[in-house]
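These notes open a run of structures that come right after.
Heads up, the next two complexes both have chain A, just with different partners, chain B and then chain C.
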Partner chain A sequence: MELKEKLVSSFLAFENKGNLDLDSNVHSLRLKAIHNFEKEGFPTKKNEEWKYTSLKSILKKDLGLFPSTDKSIGFKDIKEYLINDIESYTLIFIDGVFNSFLSDTTHDNCDVCVLSSALTRPKYKMIVDNYFNTIAKENNSLAELNTAFTTEGAFINVPKNTIVQKPIQILNFSTGIEGEVMLQPRNLVVVGENSHVQIIERNQNLSKNTTLTNSVTEIFVHKRAIVDFYKIQDDTKDSSLIDSTFVSQKQQSVASVHTYSFGGKIIRNNLEFYHEGENITSNLNGISILNDKQHVDNHTLVNHKYPNCESHELYKGIYDDKSTGVFNGKVIVQQEAQKTNAFQQNNNILISDGATINSKPQLEIFADDVKCSHGCTIGQLDESALFYMQSRGIPKKEAKALLLFAFGNDVVEKIKIPQLKSNITKLIAKNLGVDLGFDL
Partner chain B sequence: MNKFTEDDLKKELETKEYEYGFYTDIEADKFPIGLNEEVVIAISKKKNEPDWMTEWRLEAFRVWKEMEEPDWANVNYEKPKFQDISYYSAPIQKKQLDSLDQVDPELLKTFEKLGISIDEQKRLSNVAVDIVIDSVSVATTFKKTLNEKGILFMPISDAIQEHPELVKKYLGTIVPTSDNFYAALNSAVFSDGSFCYIPKGVTCPMELSTYFRINEGGTGQFERTLVIADEGSFVSYLEGCTAPARDENQLHAAVVELIALDDAEIKYSTVQNWYPGDAEGKGGVYNFVTKRGLCEKNAKISWTQVETGSAVTWKYPSCVLKGDNSVGEFYSIAVTNNYQQADTGTKMIHLGKNTKSTIISKGISAGHSQNSYRGLVHVGARAKNARNFSQCDSLLMGNLCGAHTFPYIEAKNKTAQIEHEATTSKIGEDQLFYCNQRGINTEKAIALIVNGFGKEVLNKLPMEFAVEAQKLLEISLEGSVG
Partner chain C sequence: MLEVKNLHASINDKEILRGINLSIKPGEVHAIMGPNGSGKSTLSAVIAGKDEYEVTKGSVILNGEDLADLAPEDRAHKGIFLSFQYPVEIPGVTVTNFIKTAINETRKAKGLEDLPAKDMLKLIREKADLLEIDRKFLSRSLNQGFSGGEKKRNEIFQMAMLEPKLAILDETDSGLDIDALKIVANGVNKLKSKDNAVIVITHYQRLLDYIVPDFVHVLHNGKIVKSGGKELAFELEEKGYDWLK
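Right, the complex of A and B next:
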């Protein structure tokens, strides 16, 4: 049975089984979503937005939809995937189920808890009704699929004038004890006026089995709030990730989403920013370092609807072996969005002949008094720089790694949590196959 | 009673024959509307084409029938009804006018601004002039020079008769019949077009242009152009005309194929100024053109285009850089005003080693128009040391228009070096103020700034075209200030 049929036919069983409130708004959202998904199905390469990424190889796998969880997972199994040398709130999900023993949640000042309780408790009804599934795009069939099967994920609600002192780590583990699985985490983040929060998200497969994660995150940033969201994607080579993140911003807010893609079979990042006020700043940063037959597709959209807003987009890619990188950045400047500053840059280095990069930086501009530009380059390492370093006794591999690190450094520099920065630096070193600190 | 003499009989027969002849003429020259295999065969018969050509057209028609009209371009228009078009009609005899006084004064004003000579004005607006004889003689001299060099320059329908081996070898090789919807349609029903062959090592001594070509008539809606530059040759080809062409045809689906063999160079310049519709966006020509060139070893193809006309433009002059060390260039200015829509750009397909391409695209949008750049740079796995530089700049005038950029960049070789940059801006108020202050009125100042903006492209046009094109830009943007 094809995965699509399997999903559609198991939807009823899923709704009945999960003790879900069938009268709630969420139920009707689910029903609508499954209908839309049934109509649309999985995207194919014929879809312009999926021109360079094919899901075929994952979809033919027999993925288990409701895996039972491995209860034996302890802190020692997941320790290496956490950033430990920093105080933080943690939300740990194992095979889609929240693990309260390993997690560290809070309800003081702000809510850092799980979506399942938010969806069912009357206390949060207003928030859920106001925000849940309001910006997840309707014509994105994978987001629809996630909506239909929403059960669990992170729920972060920061009230007005609150600075969340500790960063929040969200980790989704799959254990694959029952073979190949599909997970659909769903996160909802609401940040009130003048508040500030930092979030780190990571998906990790602990087994050698195939995993497909179809994740959706909705982030609402109110007036003058600041949100930093870091995504670490350094999974096993049998894990695939489809991540759709939607950000809605109110006036004078600053939202930054950083994506670090170092590993996975197929990674697809849909990142969309919607502006709902003036003087907004949106930052999109990304770095991809791939080898083997890995595939990363970064799809971004910044929709400028109001005047005096800014967006800065910087994506760097380093591709080795037979890996493929895709960048599709779209900036729309609507007619009312005068005085917009939109910058988009995509730089790529191809290290081997088998590697491919497909880049499509798009601008759609309907306002005249704007400053918009985009740049895209594809090139390789400077041979003379490499020679210079080698002639001074630095081995070729290290010299190469140093140059590549320097190439990606302006993305790494944007990380505001020092511990995370050193963590990312280590991951870069690991993925470049060298044992260097880089913090020279 | 007069006797019915032999002379009378002769006279009567003559008259009758004339009447009859006239009648059949109409019958044959105007096909009923609609398109089916019979119509395609009839067009082919009409042109007295050999069997292989008829078969080729039929093949294209069969492919076309299976295809759907593309809708991915960033343009909105009412789709033409392909079964409501008559696919063959002899050139419409326009009413000959006696003097320029009878010509639309608007048209004359434009001519004046473009600086077109009185004689040429008359010719363009279909006024009967004696000078025609002169221009024929001019054309004949040209023809003589070309003949001496062995250059073939003729309507493609003649080429099919006279040089079938060349046409058969190259027609449809770069733009296959199944390439796209409009190319397939064109292949099935094309009425005429130009054919040009430059023999080995010959540098064509003059700019070849459809302008000077005799036997020009009736290239019609579906024009087919085939230019072959044999090894080591050079040709510069001009197409179109700066004068406004008030064509009533709604749909233009032309195909242009360029073939540059080893060490050859083709420079192809286009100035397109079809009727863009009125200020409310009614009427106007749909210009759906497929243009592509093939570069063999060390060959070079350079496309230069100035697009100011047409209600809807859909056009991507492309280069397939197959041979090692080949070079592709694309220089474009696209101006849209009122309700015009343009979706134009290029494709540079790097296949050979050390191939280079340059893309300079300047879009200017005013009024309610939408102007898109859509380009592809593809570097194949074997294209070592491929180099591309792309720059696409947009200038927006007024806040009701749009400028869009859709670049596709695909690299499969690690030695590829690709740069792409794009900017969008408007005419600075300080720039305008500076000009005003020095006594240049706003309209002139805008023309000045726009010409400066497009200079990199205008410089690539042949001399006499460049002068006219500059003025054309000015006219196209008239009334967009406010």
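Right, the complex of A and C next:
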């Protein structure tokens, strides 16, 4: 049976089995979502938005939809995937199931807990009704699919005037205990007025089995709030990730999403920003370092609807072997959005002849008093810079790595958590196959 | 120390060096002068091992060893240092981290352990003081946003750190005002010893007022057309290059 049929036919059983409240709003959202998914199905290359990314090879696999969790997983198994040298809240999910023993949640000043409880507890009903699935787009069949099967994920609710002192780490592990699986985490983040939160998210396959993760995150940023969201994508070569992240911002808020794509069979990031007020800042930063036959596709959208807002987008890519990259950056400046500043930059280095990048800036500007720019470069390593470093005794391999570090440096510099910055630097060094012997 | 024998080199099948002979002993300073396009920078790049250039004939021998098959980093490990006319900017890598990497890679090649951080710091401070380099300068990204003078001073700082046997200064004076020139020249003179040698590549005689050469060679059309003592530099300053062609 094809994956689509399998998903659709298991929907009823899923809803019944899950003891889900069939009278709730969420139930009707699910129902609508599964119908939409059934109608649309998985995107194919005929869809313009999926022209360069094919899911075919993954969809052929016989993926388990409702794996049971591997209870033997302990801290030692997951330690290396956490940022350990900082105090943080942690939400650990093993095979899609929350592991309270390994996690560190809170309800003190804010709620850092799980979506399953938010969806069922009366206390959170208003938040769920107000926010859940309100910006996840209806014409995104994969987001619909996630909505239909929403069971678990992170729920972060920060009331107004709250600085969340510790970063929050969300980790989704797949253990492969049930063979090849599909996971569909769903995160909801609501940040009140004047509040500030930092979130680090990572999906990690602990086995050699295929994992397909179809993740959806909705982030609501209220007036003057600040949100920093970091996505670490350094998974195994048998893991694929479709990440759809939707950000809705109110006036004077600042939201930044950083995406580090270092490993995976197919990584697709749909990142969308919607403005609901003036003087908003949106930052989109990404760096991809891939080799082998890995594939990353960064699809971004910033929808400027109000005046005096700005967006800054910087994506860098380093592609080796036969890896492929896609950058599709759409910026809409609506007629009312005068005095918009929208900047977009996509720089790429192709290390081997077999590597490919497709870069497509898409600017749709309907206002006349705006500053918008976009730039895209595709190049090779600078031979004269290599020679310079070699002439100082630095071997070619290390010299290459240093140059690539230098190339990606302005993206890494934007990380505001020092321990995370050092962690990302180490991951980059690992992916470039060098030991630099110092922190940059 | 260095023997260049009948060296021919070309780039994209265009011959640039057409039979260079040069013999340099420890303790000597050689100046190579010549008009634009005479092959000065090519000669320095070929000695340092830039693989864009193809050596079609002849050889470069350092302390008895033919360098033909050695990569630029191997040559650096054996004591060759090339100061660039246009040093490359490397954002995100500080001067300190760059030189640390260079020193430790060189030590690794010689089978030595990394220099302990404390000793490294001491060495860096010592050499920075020698060249009148501000400490703040050391934590800036390598050559990024440096003035012409700062770039050249940074080159000599790296040379001071790496203590090469043979230093080639390619147009080190270009873009320097007289004060910067004096500091750079002063640094080179302090680093000079009876065991190392310096090749100064320059267009003008100006630098040679401060780094006084034992020998001056005039390069023209890929060949050394005249050699002499330091007085040759004055003659060139006066008469230009035309009389040698």
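Just so we're on the same page, the second predicted complex is superposed on the first by the 437 of 440 C-alpha atoms of A that agree within 3 Å, B and C clash if a C-alpha of one lies under 4 Å from a C-alpha of the other, contacts with A are read in each partner's own complex, and residues count from 1 in each chain.
Keep in mind that, in the parts below, a contact is a pair of C-beta atoms (placed from the backbone, for glycine too) under 8 Å apart; a residue touches a chain by one contact, two chains touch by 3 or more.
Remember, it's a predicted structure, so these values are computed and weren't measured experimentally.
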Superposed partners chain B and chain C on chain A - clash or fit: fit
Partner chain in contact with A:E383 - chain B first, chain C second, else both or neither: second
Touching partner for A:I135 - first (chain B), second (chain C), both, neither: neither
Touching partner for A:E413 - first (chain B), second (chain C), both, neither: second
Included angle at chain A between vectors to chain C and chain B, based on C-alpha centres and rounded to the nearest 10 degrees: 80
First (chain B), second (chain C), both or neither touched by A:S391: second
Which superposed partner A:L403 touches (first chain B, second chain C, both, neither): second
Smallest distance from any CA atom of chain C to any CA atom of chain B, in Å, after fitting: 14
Residues of chain A contacting chain B in one complex and chain C in the other: none
Chain A to chain C touching residues, read off their complex: 382-385, 387-396, 398-399, 402-403, 405-406, 408-410, 412-413, 436-438, 440
Residues of chain C touching chain A in the complex: 45, 48-52, 71-73, 75-77, 80-82, 84, 87-88, 90-93, 97-106, 109, 114, 141, 158, 162
Sites on chain A touched by chain B in the complex: 48, 335, 338, 348, 350-380
Residue numbers on chain B that touch chain A, as the complex places them: 72, 379, 381, 394, 396-426
